[in-house]
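Order of writing sets the labels: A, B, C, D, E and F. Residues in every chain begin at 1.
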Amino acid sequence: MLLHLSTWQEVEAYLEHSQGIILPIGSTEQHGPTGLIGTDAICAEAVSGGVGDAVKAMVAPTISVGMALHHTAFPGTISLRPSTMIQVVGDYITCLVKAGFRKFYFINGHGGNVATLKAAFSETYIYLEDLQISDASLVQCHVANWFMCGSVYKLAHDLYGKEEGSHATPSEVALTQYIYPEVIKTAPLSPEVNKEGKIYGATDFRRRYPDGRMGSNPGLATPEHGKQFYDLAVKELSAGYLEFLNGT
Amino acid sequence: MLLHLSTWQEVEAYLEHSQGIILPIGSTEQHGPTGLIGTDAICAEAVSGGVGDAVKAMVAPTISVGMALHHTAFPGTISLRPSTMIQVVGDYITCLVKAGFRKFYFINGHGGNVATLKAAFSETYIYLEDLQISDASLVQCHVANWFMCGSVYKLAHDLYGKEEGSHATPSEVALTQYIYPEVIKTAPLSPEVNKEGKIYGATDFRRRYPDGRMGSNPGLATPEHGKQFYDLAVKELSAGYLEFLNGT
Amino acid sequence: MLLHLSTWQEVEAYLEHSQGIILPIGSTEQHGPTGLIGTDAICAEAVSGGVGDAVKAMVAPTISVGMALHHTAFPGTISLRPSTMIQVVGDYITCLVKAGFRKFYFINGHGGNVATLKAAFSETYIYLEDLQISDASLVQCHVANWFMCGSVYKLAHDLYGKEEGSHATPSEVALTQYIYPEVIKTAPLSPEVNKEGKIYGATDFRRRYPDGRMGSNPGLATPEHGKQFYDLAVKELSAGYLEFLNGT
Amino acid sequence: MLLHLSTWQEVEAYLEHSQGIILPIGSTEQHGPTGLIGTDAICAEAVSGGVGDAVKAMVAPTISVGMALHHTAFPGTISLRPSTMIQVVGDYITCLVKAGFRKFYFINGHGGNVATLKAAFSETYIYLEDLQISDASLVQCHVANWFMCGSVYKLAHDLYGKEEGSHATPSEVALTQYIYPEVIKTAPLSPEVNKEGKIYGATDFRRRYPDGRMGSNPGLATPEHGKQFYDLAVKELSAGYLEFLNGT
Amino acid sequence: MLLHLSTWQEVEAYLEHSQGIILPIGSTEQHGPTGLIGTDAICAEAVSGGVGDAVKAMVAPTISVGMALHHTAFPGTISLRPSTMIQVVGDYITCLVKAGFRKFYFINGHGGNVATLKAAFSETYIYLEDLQISDASLVQCHVANWFMCGSVYKLAHDLYGKEEGSHATPSEVALTQYIYPEVIKTAPLSPEVNKEGKIYGATDFRRRYPDGRMGSNPGLATPEHGKQFYDLAVKELSAGYLEFLNGT
Amino acid sequence: MLLHLSTWQEVEAYLEHSQGIILPIGSTEQHGPTGLIGTDAICAEAVSGGVGDAVKAMVAPTISVGMALHHTAFPGTISLRPSTMIQVVGDYITCLVKAGFRKFYFINGHGGNVATLKAAFSETYIYLEDLQISDASLVQCHVANWFMCGSVYKLAHDLYGKEEGSHATPSEVALTQYIYPEVIKTAPLSPEVNKEGKIYGATDFRRRYPDGRMGSNPGLATPEHGKQFYDLAVKELSAGYLEFLNGT
């Protein structure tokens, strides 16, 4: 059930039986020579849609720009500063809490979002308590990274071994190929990529990882792999959502 | 050319011949008993896509949550506070300016965004000059409301007369019906709606406009009308984009 | 009734019969070779004083510095950033709401203030609701531009035609001449002024409008015209205030 | 020379021979049963005008609302929060520094402004250095309280002794009577006022000082005293301004 | 009783008989060729510990970085911007108020903190009232500068006369020598130091006071003097704390 | 080498051969019935001091209040909001970068700080690049949690098994007992503690973990264990610092 394709009365009806919502969050950032700039948002949105269908949960519009400042030396990257993202996430949650939602399940497609998301949750909990909203203490936020699902991680390892790398990975590229088979990109990939995972500022990042990849060989990706990743992520996160929803 | 379906090298290549970009911006807010909560984002995104195709312009990911605080007494609405939105828009533009973009054409689907967008432009111009980015003084931002296009306005008047109203209008509902014919909603519409256009706070808004509509009869909308609106908006805004791009 | 010439007990007494207040807001910005830097504040203050007398309303101290960032490449201009102005307007309204005021009628002398003022109203409404002030939902803010009054607009057109222009206009200069007949400025006005109304950043503005005027011939202004404008604006805005005060 | 009654070319000419400017700052706050709410702004503006005339200095528009949160339990008081005022003062100074001003002499009418003003100066100095404005390190700000002038203080002591008190004092009331002889207020003053100068929050302030006065007997004020205070303050601050302007 | 060496249950027990707390605040800034960078924090912490013991009061962890922007042209200085410090102080007080504390006695070691601290108190009082915390109006904050104690001031004058100066003073250096006798520093001190107390921006400060001292001769300091200063400050501030705690 | 016990000339000399600095960061939060409120700051400070001695590195003053909002329902906890902490960390780093430091090694004692610290690093990198500080792209920040050292983790497991838990752990309590043997606390510990690691808001945290512990049995701690933890952490983090300092 997609929030943006619902009416407000349908949301009102939904709230009578559930206070949970799924929020896809991605990023708009370079993903190497063959990865789509929207990779993280595309993956988060697709997986969220699948989970929403599986568990009959409401799915909010995708937050497609996240915290990707370290990628901003590559053209096409758009990033919020962490302080902006904290406000954005706070505004989203506050509106939805006022409407009656209490359980916020963020399905995330970008590792760089996690720290700021968690900071935003902390800032928002206290803000809501200060607003003296009834039941503010029942508000719970959770971030679930589709690419960290045990089953996804295992498949990536089985398929790609060390060539999975940590940015512009074949697994995420495969997933976008499954979703958008008509926009599969090809480009020569110089095999040598600095594999160390260090990330500091934007200029340093581009110096360190000249074509944007971090230790990955996205040339291994196929749409068929993408379907496998999709199915595994949807299955595992559907269970995760229900556990979160029904947990204390 | 959609930014999220491009690679960073494709953006780099694009910047060699153009410094313009289209940014769709909508809202996630109630649109009456039969309007989709995502109406404004859906319309802005669709029209932007059409314009981008027509004029070979880069189109950024849609900003799907805007300034809709006055709708937040209806469940499902999500809004940024103006101060948040100013930061968001500033972060978007700053990243893109650093990459080389100079002309920002916002295609907007929500009247409530206009004031804050304009404030954000002013805040961003001075910020960029203070950053001492070369050519900061060439940065130009423009907001174009698809629903205010002369041709769109005329058609809405011809088709609906006064029943166009000012929120949850048949014209915007028609456009969403054209884009998502599979999710056309129906609901009884009590004919009497307070037609005064006054907007203050959220609680007051719901008191004043109990079902969310402002003077409109969205029951008049059809997908065929939607196609007409789409074609007119794309045509008129394509010309508008080119004039903006090539203007001083 | 001027707030700054009242005692707090007089305000307390006023609040027993009215919850309305007029807030003049102007700007401190270049107005071409013959216009006063304080033009917009001077006009807003004078008209507000006239309206306050006519309708027995409380008038707050003038906000004399507004959003004029695009004029800051000319010496003497002082501007708030939009984010600052949103806080300022919020602080004003919050203090007055706590005291019992509910209806805020801003009489504005500067087009550049409008977007940020409207953003500030939205930000303030939700802030007040979050503060859980009783009757917060009754707070209403309105911006009335004296120079947009129908009667004023018509007179300007009759007197100056296209030479009214859009910045450093003969109508606003005339009004300042009526208020300060002892400081009428003269200077040679090169007749050619780029008449396009485009406004982006500060450096661009000065490049585009080298002497500060936008399409106007302020040399046509006379103090007698100024009196006419004053009388029309006071009359029309007095009616507007009462309608706002007594409206739902 | 009043900035708001000047043209931008006059400011440009002024800057050729001076980089100094006087900024009057007051407050809009209760001043007991007989004091004007605008007392602090009125006094600062009048004294600044006198000093500007005496030393041929540019005088900016009065900042009429300052930091008066502790008075906000009395109706009619308007206050900025300190964080807002820091932004406001920073915006004023930054605009003027970009235009060429370097020496900022604030003539202040309200003790409660001093701490926040000083904080704002510190915040602004580092901001200007970070902007890499040439000569940013020459920017100097000074706050001069007219009511703390040695000569003023002595006269107040001679005329009123302990009945000068510390808020709604006869000296400031006298000065407003001199400036606005037509709005002299009278009201019964209960003689007993808690004379301790402790100031905490707004509710506490009103509980502690029920009619708004702090240890003062403003009934002693006369317009003739006001003229004496005015002359002393203008003389002493004129010397102070020149020393500041010409100092290292 | 040191907060950081207590358990939460001990704090809970303490709150049953007292709502007062001492908060040491210093600075991390250059103190001339022989003064420790931590001087202000060290002194505030030591004196606070002494007062806490004497009056059985809870002592919070030391705020060791304060407002020292004007010292930042000397390496080793760390400063908060005033706007940051206002938030920090607000966060501290808000947490402690929610726990039950009402009386906040800041023992301060740095003159440069005073303005921002007072601004922070004002900002925090209104914030707490807006949070609608019960008894928010009983919250009181006070800043006590150990170096301004009458007895301390007199001793410094007796021992050092004019060579006390106003920064990197022998009195504060003596106190650190008493606390840390093992880290007494020596360095040649050029006798001539510009004695004027003017403070503007950081670059200007270093230009004006090349070795960091302001009119002081810290070579006069001895650990024995330090003990005298310590004893006097503890005695005077212990009395001050009790008066504050028991006062209305 | 402790910054607060150094002079600015000593810092200047240090910078000639090293651009690295260690920043201890802890928290001021409840640590169960027998844990000190200052546990995290005490541990971070002690370990940092040991590392600084071992590798001859400068050690900044301890940030003793961090992000502990989820503990604020227990009296004695003091926390910064994440948005405040981002500003604080940014101010620290910016001052030190201007002085010449480039490598920032945070030794952290509190898991709850990590997300906000990382967000702060991202915010600061871009801020420094925008300031156009030379070599801004060489600034690197790293957070090292002493309690996550492999050797520490192994010892805790060997000594306590599952009774290590995740808050108010015997390992951190042991370390504080080693540092402050004179303030070892005892209290009855009810054996049953909800061992799930879920953390949401403050009220929820206290409901979930009534005495503040999370799955831990701090009664197992001894000062002798503490010495072992100290030695292991110092050894491992000394190596870590040098690798960071000398790495690219």
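Structural remarks
Operating definition for what follows: a contact is a pair of C-beta atoms (placed from the backbone, for glycine too) under 8 Å apart; a residue touches a chain by one contact, two chains touch by 3 or more.
Quick caveat: nothing in here was measured; it's all calculated off a predicted structure.
Counting hops only between chains that touch, chain A reaches chain F in a minimum of 1. Should one ask which of C-D and B-C has more C-beta pairs in contact, the pair is C-D. The equivalent interface to A-F, defined as the listed pair sharing over half of its contact pairs by residue number with it, is D-E out of D-E, C-D or E-F.
Separating the CA-averaged centres of chain B and chain E is a span of 53 Å. Centre to centre, using the average C-alpha position, chain A and chain B are separated by 24 Å.
Averaged Cα coordinates give chain C a centre that lies 46 Å from the centre of chain E.
Across the assembly, chain C contributes residues 72, 81, 83, 132 that each touch 2 or more other chains. Those residues of chain B lying in contact with chain C across their complex are 67, 69-70, 72, 81-83, 86, 112, 114-123, 125-126, 128-129, 136-141, 198, 200-204, 207-208, 247-248.
The part of chain D that touches chain C in the complex is made up of residues 2-12, 15, 28, 30-38, 41-42, 60-62, 64-65, 72, 74-81, 83-84, 87-88, 91-92, 95-96, 98-100, 180, 183, 185, 187, 212.
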